[in-house]
Amino acid sequence: METGADLDGFERVLRRGNVSLVSDSMLDAYRRVREHSRKICAPLETEDYVIQSMPDVSPTRWHLAHTTWFFETFCLKNLPDYEPEQPAFEVLFNSYYNSVGEQFPRDRRGLLSRPTVAEVWRYRDQVDEAMFELLARSDRDSIVTDEVLRTGMNHEQQHQELMLTDLLHVFSCNPLHPVYCDDAVTDCDPVEEVRWIESPVERIEPVGFDESSHGLFCFDNELPRHRALLSPHAIANRLVTNGEYLEFIEDGGYDDPSYWLSAGWATVQSEGWRAPMYWHLGEEGWHQFTLAGLRPVDEKAPVCHVSYFEADAFARWSGCRLPTEFEWEIAVRDSRESMIDAFGTRWQWTASDYAPYPKYAAPEGAIGEYNGKFMCGQKVLRGSSVATPEGHARLTYRNFFPPSMRWQFCGIRLATDLE
Amino acid sequence: METGADLDGFERVLRRGNVSLVSDSMLDAYRRVREHSRKICAPLETEDYVIQSMPDVSPTRWHLAHTTWFFETFCLKNLPDYEPEQPAFEVLFNSYYNSVGEQFPRDRRGLLSRPTVAEVWRYRDQVDEAMFELLARSDRDSIVTDEVLRTGMNHEQQHQELMLTDLLHVFSCNPLHPVYCDDAVTDCDPVEEVRWIESPVERIEPVGFDESSHGLFCFDNELPRHRALLSPHAIANRLVTNGEYLEFIEDGGYDDPSYWLSAGWATVQSEGWRAPMYWHLGEEGWHQFTLAGLRPVDEKAPVCHVSYFEADAFARWSGCRLPTEFEWEIAVRDSRESMIDAFGTRWQWTASDYAPYPKYAAPEGAIGEYNGKFMCGQKVLRGSSVATPEGHARLTYRNFFPPSMRWQFCGIRLATDLE
Amino acid sequence: METGADLDGFERVLRRGNVSLVSDSMLDAYRRVREHSRKICAPLETEDYVIQSMPDVSPTRWHLAHTTWFFETFCLKNLPDYEPEQPAFEVLFNSYYNSVGEQFPRDRRGLLSRPTVAEVWRYRDQVDEAMFELLARSDRDSIVTDEVLRTGMNHEQQHQELMLTDLLHVFSCNPLHPVYCDDAVTDCDPVEEVRWIESPVERIEPVGFDESSHGLFCFDNELPRHRALLSPHAIANRLVTNGEYLEFIEDGGYDDPSYWLSAGWATVQSEGWRAPMYWHLGEEGWHQFTLAGLRPVDEKAPVCHVSYFEADAFARWSGCRLPTEFEWEIAVRDSRESMIDAFGTRWQWTASDYAPYPKYAAPEGAIGEYNGKFMCGQKVLRGSSVATPEGHARLTYRNFFPPSMRWQFCGIRLATDLE
Amino acid sequence: METGADLDGFERVLRRGNVSLVSDSMLDAYRRVREHSRKICAPLETEDYVIQSMPDVSPTRWHLAHTTWFFETFCLKNLPDYEPEQPAFEVLFNSYYNSVGEQFPRDRRGLLSRPTVAEVWRYRDQVDEAMFELLARSDRDSIVTDEVLRTGMNHEQQHQELMLTDLLHVFSCNPLHPVYCDDAVTDCDPVEEVRWIESPVERIEPVGFDESSHGLFCFDNELPRHRALLSPHAIANRLVTNGEYLEFIEDGGYDDPSYWLSAGWATVQSEGWRAPMYWHLGEEGWHQFTLAGLRPVDEKAPVCHVSYFEADAFARWSGCRLPTEFEWEIAVRDSRESMIDAFGTRWQWTASDYAPYPKYAAPEGAIGEYNGKFMCGQKVLRGSSVATPEGHARLTYRNFFPPSMRWQFCGIRLATDLE
């Protein structure tokens, strides 16, 4: 993972021994990715695996089974003699692949008490055993490509991040304030004054994934590499802090429609937003519910759990704007040293709508449903977060969510136009 | 329990060793009621305790904790030195007692993974231990009355029935068709031709609970005993069967608005009802999801899981009507031998709205919230069901639910006017 | 109309020349009923006829057309050579008669700009002309019975009241506070101290419509006349006033769940009720939106536009209860002199659920859909209101609405149990 | 208006005498724009002005008043001695300008019967008279700029198009199929085989409004003019026809999720879409509800009333894609002769998200709320439709709507990548 941030606490717990998908053998890589999911679950009680606290959240057990289903469906079923031990799981743990078959409705994942957590772990073990065998075969390439295997591992890593964001949401609904892990400190080191990285002339730059510089794997939405036109602009070298965001709140940011997109203002009204998600104002000031429980808001840490609407309103209040995804990519490529918190901190909202790159073509078949069909009504986020597994993020990575989404670990980096 | 029905299977499993609240000592009674809740949970996995499959359903774990909270709140807290070990449970497990304090929202009970099931069992053990001590004290009467203790035990018995109805709903949402208990046969003995019990003249009869004939305990809604006027009528000696209900379905009963109340017809349309709840029409005919899994519909068994709307429409289609609650009560009192399936089979919808008896007064304080405030928009059901704990039902018992409710074990008894 | 109230203003405008359905010839009666609808519309602009301000409200134009459709469908279509000029109106203006055919959805009545108001008046004229001819025929009886004609006229009178209640709601949505009629004063004369009319012993009394004492017409829900059992009780001789209701408000009535039915309390919360409908608290105290515009609340006038939930909560706060419909009927029958405001003031909520009388049978055919199918989830109101056309109400009349309804002219009469 | 299409029928009726905002004097231009609104209303009954058939639709009367309010608010109120005759209209007819003050809720516009249509026309006359005076003043420039006047006129033209689309929707809800205007034929001339206009090399082109070539006025969202990078591609010289769209339908286009964006497929399911809006399949084949009533679908005419989701799915089914807004702009600029149906036919969905141009800055004050705050979650449409007033559209015009929107006159132009 390309981050110079000084990770500690939570990060150390979660990332130790994590996979480098680049240098390891495929078998080692697979083993480590799978092992990491187990580590994430170490602090959990059986009951924690089962809850779906809102439609966007999936039960942990579902994440564990769905990532397993992915390997079974796209790898093991290529084996002529493979027999699924649990054919019913094909429907239960399909997320959204229409071409693979029927799906159990997403918002009803929390209604299932069976298969039990123990049965899901057993399912993982069965599939892992079959995968280990497959990965050791000399003709493995003819059965399943590196590409598909890497997709499966990256897919599981995405769900590892989701497990943490979803668990945070589940615990946040509980007035007992359960603690996932005392050590899960998600705040970061004190920050200095912001500096602006300038790009003072119009320029054309190549963007998107390039195998020779960026590694062995990318998702289809990072392709094709192509050329983009950048206007003169500057981009902040660090993220917006809680302290800065508090100024926006205290200046009436949530009361003044002139800072907000129309859809954002409507959301502020209908949802009653007054602060980032998980913030609570008590007698002892602002607190924030975290994986380590309820903690005072740290003014020096980067703000987290804000929607695109809030990021955009904050930027307008600041007299700035959000960067485009290509401004972000080129700044990080060219000024990696300065952009110390680009990775491993907060996903960073960009001004860019999530759209296909020129000449983008979704892959054939079910894998083609991975990304392309979501290219509507969402915003691109760049970088990665404290919850992203090590080795998963990269310069050209495109995360995406609807503009009202707040339950992911997402923050704000500013940009501004230059004459 | 006043039932002559030949119970077997499911019933034997669930009812063996159950309490007779009348003859036992208070301590024995308490112990047996509490023990019965544990028996109901014997077949469950931890995950099964956690799910709330619709707003009306509560997680099993919640039932276990709420019934415990009831004893803690209304008995143990009268002890001057009692210290709750878990003060947070006061809010979490209060159902609807405004006068006791704040409540956790009913429809969010399924969002909690903590306290764990093991912690809830521990909570039960703590409260039981304190209750055993209290019940053994010579001055127990001055701390908590028999009335309150019996209310607590009857309250837990009501939740024992709800645990089974709720678990049936939870399992029914799962395409794996989990089986609660293979032995949980909820069908009844073959039935004979219906006979009509006639009451040919207008009469005034006493109704409602009478301590001298009906035992030591009743709920407040069964009081005061008063006199009711009955018109000439006849009432069926047995319940409507699945076979008879199938004739209604096959005759287009669900397609013809002339059989239905206006609100019933609207519900048929909006919910897409075509048969009782849990019925499925497959290639091999009608099946019914039960606590014993998916089973063929038994034409001889009494129909179950129908709403008031369906009971009323079926009655109209039959050229009959539903009995009033007093017609039911007097028929069972006067012709107990003939009404063999009055108890232990299906709750029986009556034509009566759930209203207070003349001069009804809710008790003072929190206990007064038990029944009275629900006397609006609901229908009275009489009798008891296969899921009702032994010893809980009685002649004057008034169950009540909204007319669209189907997830309880409820069926149909017919009546008709006489000239 | 059986009212001794000293009506003035609004009432005089609306009722002058209204029909006495009893003494007039059928032709005169028809003519006067139809004419009264036109009078109600005199103050309206074309635009006022078109609006549906909530699903329960119908556009005035729809009321005019639907009452006409009723005569066309149930009278004129019996003529062998009758040809409707507007066959499309059969669907458009059918309200809920499934047996007559398809219906245009109730909550979409406000989406229609055509037929225009002028066309609806033309439709009325066409039907009236045909009706005049029919009513003058010597063989009229063999084509349409008195019963059906009287039903049609009473039906139109019910819609005349609805026109006024619906217009009040339509105007209330408009921040310009339009005035229907300056003269439409709906407040009543100053009241004196309440007196209680006692019925100190249990008694059996005949209730329901009796042709020999009550006139020529009733709705089917007032039949059969039968005997009812009354407990010892007392009933107030006059309605609850705005001043008395203000005390309830100021005593925190809307903040204390102990006064409320559970469903009522939920409605108070979800709807944000703080006072009767149409009340506004401004700098100059409480005002009420009326057909005469925004007026200060008159503390001496009977409270209006309260739901059953509010009437019931007020009664509980008062240490009283609401009367049953039979207590109301017998008190008015026996003590007509004392109950001066029984009619022509406010519809009076009773504690009685709207249920069929013993041996009630809905008429055959479409007319049978008039009342019976609504006998679920509603409460009976007795008396009549300032908006009820003269000659429409009677001792045994049963109005009915769901317990949350407030837009009708409904108020509160108290009762209490006697030992 | 830059269209070579041979307009007839509907167009001739609506556009005759319409304004050329470029060449006329400001006073003439104002007069003609205002006059055109009146022409659109010529076929209407009073009732037609009042209906709001869905939240997106506004009553015609509201359009007439709101456009008037715009001139009053942004022009007349600059006059030191101007006194609004109807101060209440400030709230009632403000659409979404937070900085101007309170707004009446958009989805409640259909609840108002007052002010009447006649009063709204009077309001227009009052404002027009004051505007005529203002426009004749020699110091007019110091009171209101050309820019604001042109914005007001263009704003009214936008609402003129909305009046027609909204009226079509209102009439479509009426089973009587009212006809707005027999002459309102919205179909177009027969089309020939599609030809592809190629742009075979990557190029940088200036896009956005340029005063010297494009005229005196544009909206702020067309600025700043800037340079855009275009990939090699080809664009169709004509729109997709009903006949071609029928092939998509008949090939199961609405049944196969692989053609659809995920959000599009969800909409197809939830809305039950099977064809473009206003299409009905009857015994005599496909018909389409139009402003001229119900008409058979003309296979040669360009398809209309499709959402972005449908346009995008059709393109994918065709093996093509939608053009970006800049591909569209450059093709029309460079090949105007070939793109005969670019204007005056259907708004054309582009693949481009509605985003600000580089260095876009919203104007100060209320006018700044015109466009910028809607730049989220919408798609750009280019060209213009049969309902667009003559002289309103231009090469750089950016229309925008959410991707599920269908009630505007919008169609499909295809594009494809070149190697």
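Letters A, B, C and D name the chains as they come in the text, with residue numbers starting at 1 for each one.
By definition in this document, a contact is a pair of C-beta atoms (placed from the backbone, for glycine too) under 8 Å apart; a residue touches a chain by one contact, two chains touch by 3 or more.
Chain-to-protein mapping (UniProt): A, B, C, D = Sulfatase-modifying factor enzyme domain-containing protein.
Model, not experiment: these values are computed from the prediction.
The chain with its C-alpha centre at the largest distance from the centre of chain D is B. With centres set at the average Cα position, the gap from chain B to chain C is 38 Å.
Centre-to-centre separation between chain A and chain B, using Cα means, comes to 47 Å.
Centre-to-centre, using mean CA coordinates, chain A is 60 Å away from chain C. Across the whole structure, chains are in contact as follows: A-B, A-D, B-C, C-D. In the complex of the two chains, the chain A residues touching chain D come out as 96, 98-99, 202, 204, 226-229, 231, 257-258, 260-265, 308-309, 351, 353, 355, 358-359, 373-377, 403, 417. Those residues of chain A whose C-beta lies close enough to touch chain B in the complex are 45-51, 53, 88, 91-92, 104, 108, 110-117, 170-171, 173-176, 178.
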